[in-house]
Amino acid sequence: MFDLVIYNGVIVNSSTIIYPPSYIGIKNEKIACISTEPLTGTRSIDAKGGFITPGGIDAHVHVSQPCTSDTFDSATRSSICGGTTSFVCFATQERGVKSAIPDLKNYLALADGKCYCDYAMHMIVTDPTPTFLEEEMPIIVKDYGITSVKVYMTYKIWSVNDKQILQVLIMGRKLGVTTMIHAENNDVIEFLIDKFEKTGQTEPYFHAASRPFICEDEASYRAISLANTVDQALLIVHMSTKESMAHVRKAQTKNCPIYSETCPQYLFLTSEYLKSHTHEHKTTPVIDDGYEIEVSQNDSFQGAKYICSPPIRETQDELEGVWQAIENGTVTVYSSDHSPCNYDDKEGKKKGLKEDGSMDFAVVPNGLPGVETRLPLLFCYGVETGRISPQRFVEVSSTNPAALYGMSSFKGSIDIGLDADLVIWYPKGEMKPFKLTNEMLHHDIDHTPFAGMTFTNWPRYSILRGKVVWDRDNGGLKEVVPEGKYLKRGRSTMTMKRSEVPPKYFY
Amino acid sequence: MFDLVIYNGVIVNSSTIIYPPSYIGIKNEKIACISTEPLTGTRSIDAKGGFITPGGIDAHVHVSQPCTSDTFDSATRSSICGGTTSFVCFATQERGVKSAIPDLKNYLALADGKCYCDYAMHMIVTDPTPTFLEEEMPIIVKDYGITSVKVYMTYKIWSVNDKQILQVLIMGRKLGVTTMIHAENNDVIEFLIDKFEKTGQTEPYFHAASRPFICEDEASYRAISLANTVDQALLIVHMSTKESMAHVRKAQTKNCPIYSETCPQYLFLTSEYLKSHTHEHKTTPVIDDGYEIEVSQNDSFQGAKYICSPPIRETQDELEGVWQAIENGTVTVYSSDHSPCNYDDKEGKKKGLKEDGSMDFAVVPNGLPGVETRLPLLFCYGVETGRISPQRFVEVSSTNPAALYGMSSFKGSIDIGLDADLVIWYPKGEMKPFKLTNEMLHHDIDHTPFAGMTFTNWPRYSILRGKVVWDRDNGGLKEVVPEGKYLKRGRSTMTMKRSEVPPKYFY
Amino acid sequence: MFDLVIYNGVIVNSSTIIYPPSYIGIKNEKIACISTEPLTGTRSIDAKGGFITPGGIDAHVHVSQPCTSDTFDSATRSSICGGTTSFVCFATQERGVKSAIPDLKNYLALADGKCYCDYAMHMIVTDPTPTFLEEEMPIIVKDYGITSVKVYMTYKIWSVNDKQILQVLIMGRKLGVTTMIHAENNDVIEFLIDKFEKTGQTEPYFHAASRPFICEDEASYRAISLANTVDQALLIVHMSTKESMAHVRKAQTKNCPIYSETCPQYLFLTSEYLKSHTHEHKTTPVIDDGYEIEVSQNDSFQGAKYICSPPIRETQDELEGVWQAIENGTVTVYSSDHSPCNYDDKEGKKKGLKEDGSMDFAVVPNGLPGVETRLPLLFCYGVETGRISPQRFVEVSSTNPAALYGMSSFKGSIDIGLDADLVIWYPKGEMKPFKLTNEMLHHDIDHTPFAGMTFTNWPRYSILRGKVVWDRDNGGLKEVVPEGKYLKRGRSTMTMKRSEVPPKYFY
Amino acid sequence: MFDLVIYNGVIVNSSTIIYPPSYIGIKNEKIACISTEPLTGTRSIDAKGGFITPGGIDAHVHVSQPCTSDTFDSATRSSICGGTTSFVCFATQERGVKSAIPDLKNYLALADGKCYCDYAMHMIVTDPTPTFLEEEMPIIVKDYGITSVKVYMTYKIWSVNDKQILQVLIMGRKLGVTTMIHAENNDVIEFLIDKFEKTGQTEPYFHAASRPFICEDEASYRAISLANTVDQALLIVHMSTKESMAHVRKAQTKNCPIYSETCPQYLFLTSEYLKSHTHEHKTTPVIDDGYEIEVSQNDSFQGAKYICSPPIRETQDELEGVWQAIENGTVTVYSSDHSPCNYDDKEGKKKGLKEDGSMDFAVVPNGLPGVETRLPLLFCYGVETGRISPQRFVEVSSTNPAALYGMSSFKGSIDIGLDADLVIWYPKGEMKPFKLTNEMLHHDIDHTPFAGMTFTNWPRYSILRGKVVWDRDNGGLKEVVPEGKYLKRGRSTMTMKRSEVPPKYFY
């Protein structure tokens, strides 16, 4: 007798598909049995021929950080409504602070008891002192199960230099910590912002113009070079260009442990959105067939909603390059980079709108909301269009994030012994297609960049450790309580394959 | 109550690993249940912490063809002793024959009741007439479940020209048939053989010299071009060079459905073996650490044992290129190209040795035995050395061959509903390492090119559809009867992802 | 005292520019002296600040061959009016003919005394028998000074197979003969023509569709592979695609002696021209700014004028690829591939127009006229727009053809001791721009594909061995007599750099 | 009547060769006439069939800078004895200094009246303040004819950051100044030096280990990215790796104005020399056939002689990569990077040898002597071995440096109107080969890294503006007085081809 039995579904893992008859038996929050023979459970769900995928893992979510308007409560709620049953957010080691642990504890306290999905944390490193790397990081790994760090090559207040990146990478080798990097050349950006400010070109579109693809292409090549120097694994976050993807592909071809992340905004949006509202007669910019946006003709600042870094890119061709990398295996993880702030709010995007009505893109908080739309977007526009296989969908949105970030012993696949985190989709064609509006979403943000897009599928059920937390056809969320728990992670099983032999000379 | 329960093992699939406690329940030849809870069975096997992998699928085996000394009986016996529970061999459409079906029936009859493992067939196409392509192939697909064809770009008697290749590819699109191609430029080879014959350079080594890497590089580029012309999937068989692998990688980067096969000989052997015995004082050529061969100083023709096409390559660097392609994902399937003939036999390799003691490589039958050694070689030198993950091992040796050749609804993975074909390995370090001799193998061939190599693991059990057919610690094969069955295959699920939209203009 | 002194010009060679004061002294048809000091001559020409370039050498001209409507008389006349003072045309070794020499003699006789410019000949090889290669070719080289051969990979009646190409290349190595190759995959073309004929798609545009870029990409890769197999130099003629240029660039990067030729049609025309007249309302298709064509709405067959092989390509992007290869050094020689036939003529293009008004592209003679427009096109659209330097113009249109084809001891540069073949251009801005009409040209053809293009410069004087043969401002051609002479050529000085060491094994 | 007539030689320019009869007439320091007819002169030289090349231009020479032991007197003397009749050395804008002009004047004063060859200056920019870039640089260009600047990405005291590089490049666009860059990633180097110091690995060899190829590969990619951001020309100095050359090649393929310099040390020396003397039994390390060095077994510090940056590389394969770039056209200029300091001198290399006999590579002055050996090395090992053509020799060692650095209106080619700077070589085989010893050279340095190499040719005469300054068979230098003059340069004619249209947005 199982706690829950799910039957009649098509079980999709990152490499295989199992057709019915299939029974998944769940006991004590875990997948206990997968069988062709009927199983009985306290509760059972008929998956009626829809795909069953592992619960989504969003490895890149900003929540309750400065300039993000979502709290743990709202972000995790939004998350499960979109099929993401776990995410990884960011604690920060602030520069100049003696110890990062008090801040970490405070940040953990913010989440405690508030979360509707499971959550883990990366540590942003802004000040890689010997004390931090050699004394605190071992504690953070061991006591808090934080086995990944993120560094920035841009943003003056957070960025580290190449030497510091090397020091972080070396620490990573020693402790089994995965390094993530935001790769944009900060000097080029500063140089261009200076130029634009001098000429008064400060409308939202110039945000993108100040961070051209060459910034990312250069910085990603440099980041890969640094990782190769010390023969250590590296994930480049939110990649958005063809050339930077080509750098990763080349490194992967040589079997260097270089990994790539991309996000929905780099698959669906062009920089046209940043400027659309400054042009007359463009009430409904149509980028592709399924996509329409209602815009107000009275608001020339609306492009600010689309400000993020790296920026959304100029041409459909650049987007195709990112799709190609999703399809050909270059992309390792697909995340949202959920980093939302309200539009119509003086602490949000409208920070960039001065009293006199002039604009300054350099002041607008960067980042888009997306934790809820991430999975449905790729499912509808990737799987249902035939562009990628369902297995590849599972791989980039759940299995790889689990493996890369040390969670594959409990998450990321529909296999016995793992947490019973599952998403059940509608059989193709059974859900009525709809156009997204922001009101349909469950975050605390006043807009979504994907409004107007048509969705042909959506998670029908989200199941977190054996408990149904989202039942779209029966009231959605209504009775759910925040039982998400903090995930202590182990060492990455993806980078672990790395030879243990250190590079010659420097250890 | 199951027919067989296997417990205590580490279940390896092509993307995930499941650690114990694990119970696999088998009923009616199928995997019926995978569970963390104990299952009971009529028989049970303690896998004692060893890896359990899906039964190996060898997608490239020559048996009972002209110049092969193995019969279905001996080849399938050899196969299961090395963990391969299914293979695909080759029926041939002979040039000029009115219908290929009588020959196919005869060939099937040779196999009937003789096989120890399951078997399927590819069809070699040497004469792609409209009648064959349009009338016979639909029958062959439907009635015989043969959903793959092979064409040759070399060997005058079998080779087809570029136009014929296009015609075969188009037929493949229409019928859902996968095309395999032997890619070597025949004109270059003929040109070089002429040159060598004129100068009397006919020792075994000149076989390799007459088929330089440029032949494969050119032909693989051409084959990919032809497949892209008609936007059809293609597998290039037995690839052996860095540049040709780069062609495939480039095509895969563009998401063209181009697939690659390689074989153990291109991972382990250099052309030194072809000439080793002509040099004095080289009794034990050591290519890498684990490898020694005893050779007789009295037999200058021994190099002939290593004659195959494409030839084994000149440098360790070229071998590394093939390893890299195994590691980085370029290689789709890993097969043996088992194509054995006896050495000390006038119908075998010694065909090339004339009465007067002179040699002629051009007359020596091409091909090496290898169906039994295929899996243990990659397991020992790939997985146990840490070069590739166990999942990647499973992917290239079982899951991908099943998917590429239309067998994934019944073979290729440890998932419920599939055939209970399993290999249980020794836990690392538990088997006593040994050096291979030909006597240890179960084929009917008088040599193995891998003699002298050290093996640190070997299939402990091979299980075919729920029946133990090889139990290494308990007498090996002794009570097994030939219950292997013929496999009717469906359409490839790997190439099926291909867009159904035909290329513009020509349909 | 010189026969002719040219002063006041800017002397342009393939690497340097010499500004006035400059005096070129010509004696006995040769450049005898170049000086900053005044020289005196029987005749003198004031070049008034215009560029002086070496007389153009067009290395690819078809004249008096089947399907060409120009004779030696008209083609050489047209040539000098466009600044080309020498060209190389094609003698043919017909398949099955016992000796090629009688035909060669006949062909030479056609030219004798008829030519207004100097001329040399390549030999087209269609039947590379041992007799021809080993017995006739040494005579052809020695007695006739023909040091280059051309082979075809397409056109059934002329094409040779890969083995024959290797045999020709080997002959080339031995005799110091340069090999030229027309690289298109014939099987793909035949396959596509079959398809189009079956579906009745036989309008002019389908000529291009039947020879897609992949045909050239594949064949050029193959041709390079063959040349590398025997380590011999090779020129690929009339290249038209980005990917094939990339193949050549890659070979050149490795210092393989692979050379590239392109032609004006691949820089200026897209396949839109082939179909333009089938669309309504397109009286003046404008491909780029300077280009307009008047077309008749009553003639849907006009696209046939643009039929050539390889075909003009589909997109401006592809054209840019060829321009890039001109600019970056990949292109070695720039030729016209002058291969003209009349449009309004049953032996010309209108061969493809059947009695019933239906069309068949497969019957239309291939080839465009262009010997007269070649230099002005590149000068106006390359040099005067700043796209390439004047030196690079000289290099591809005169110096490189001379060096590649064994004429640099007497042609191709403005240096002492060489033939006084010179072109004097108007100083920039001094000539009144005009739109080209066919009436302005001097060939015997009833159309030019470049009609409607604007020219901002044109050769003001053409000088052949010290004699003014074209004086645009003074009656053009009027008093000229045909004094062009046959050029016996020596060994290529470009490929001569090739190491003399033969590749191992096969000589 | 000319001042000097040189006859009977083979005149080599960067694209053509002129065979005798040839007469070069020189008047007022200039080449006034080149003729096939005899000329008469006050003095005449019989070049007896040897090559006559333009006087060498060494575009990268350090002289009278801190840590260089050569003065203008000794460096220019050494220069003309090796056929280099002009060089470009380095004035420096020191960081923090109010104006760079006083230092420039002082530096010019050091040279004044001391030089045996002509000389020009680059400006090293270490502090690109707006004042310097906008106010001083226009003066430096106009009044001093300094039209090139150099920036460093490494060496803390000189290096500039990416933003500063962009600012220098922009200034370069505006003023027509060519930017040179030393591309090595400083952070990686500092990181590695720290590691080596901690482990006491401070012998000379670890200098190379602390600057691995990845430093140059990364920095050169970054430098190219920066230049492309602002669409400005850039020369990367002293390139030494295959991958960085590939970056340049790729940029050149796209017609970006990226240029490459290399030096003899990267063609001839491997890092074996840095450690050779620490190994026993290696009295005569033989890197290639012509090369032997006598070393003392008592001096374990001798490797320090070979310390330079970038370091000499590890493998012959890496050297081949640089040769390939010389041959295929990627390398634009071939310079010496002459930066000599004495070995046996506490201010020289032995700075790195502490009182207690321990070593510290980090303290050893970087740089090798080479201004005198530059031309003969490439002539003997490049031209005389057949590896490159004589024209390519002239191009990289004289014509290109003149064009790139704004001197082609008076230097770099054997053309009328240019300075009569000439080198006359021995006809091949006429000079007795010798092994180089340091005593044969004319610098003030106590060693040469090329000692022991065999030379098969050497400049027989060096002629500076019509005056013989080196006559090897007649006492060499003996009567020469220092008449070299300072060269005010114009704008680069190589980068001038660059479109004048600024990149969008930022001007």
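A, B, C and D label the chains in the order they appear, each numbered from 1.
We take it that contacts are C-beta pairs under 8 Å (C-beta built on N, C-alpha and C of every residue); 3 or more make two chains touch, one makes a residue touch a chain.
The structure displayed is predicted, hence computed values, not measured ones.
For subunit C, the chain with the farthest CA centroid is A. Subunit A and subunit C have centres, each the mean of its CA atoms, that are 57 Å apart.
The distance from the centre of subunit A to the centre of subunit B, each centre being the mean of the chain's C-alpha atoms, comes to 40 Å. Centroids built from CA atoms put subunit D at 51 Å from subunit A. Shared contact sites, meaning residues of subunit C that touch two or more other chains, are absent. Taken pair by pair, the chains that touch are A-B, A-D, B-C, C-D. Subunit A makes touch with subunit B in their complex at residues 13-16, 18-19, 21-22, 25, 27, 30-37, 249, 252-255, 324, 327-330, 386, 389, 395, 399, 408-409, 413, 415-417, 497, 499-500. Interface of subunit D with subunit A (complex): residues 161-163, 165-167, 185, 187-188, 190-192, 195-196, 199, 201, 209, 212, 214, 217-218, 221-222, 225-226, 228-229, 505-506.
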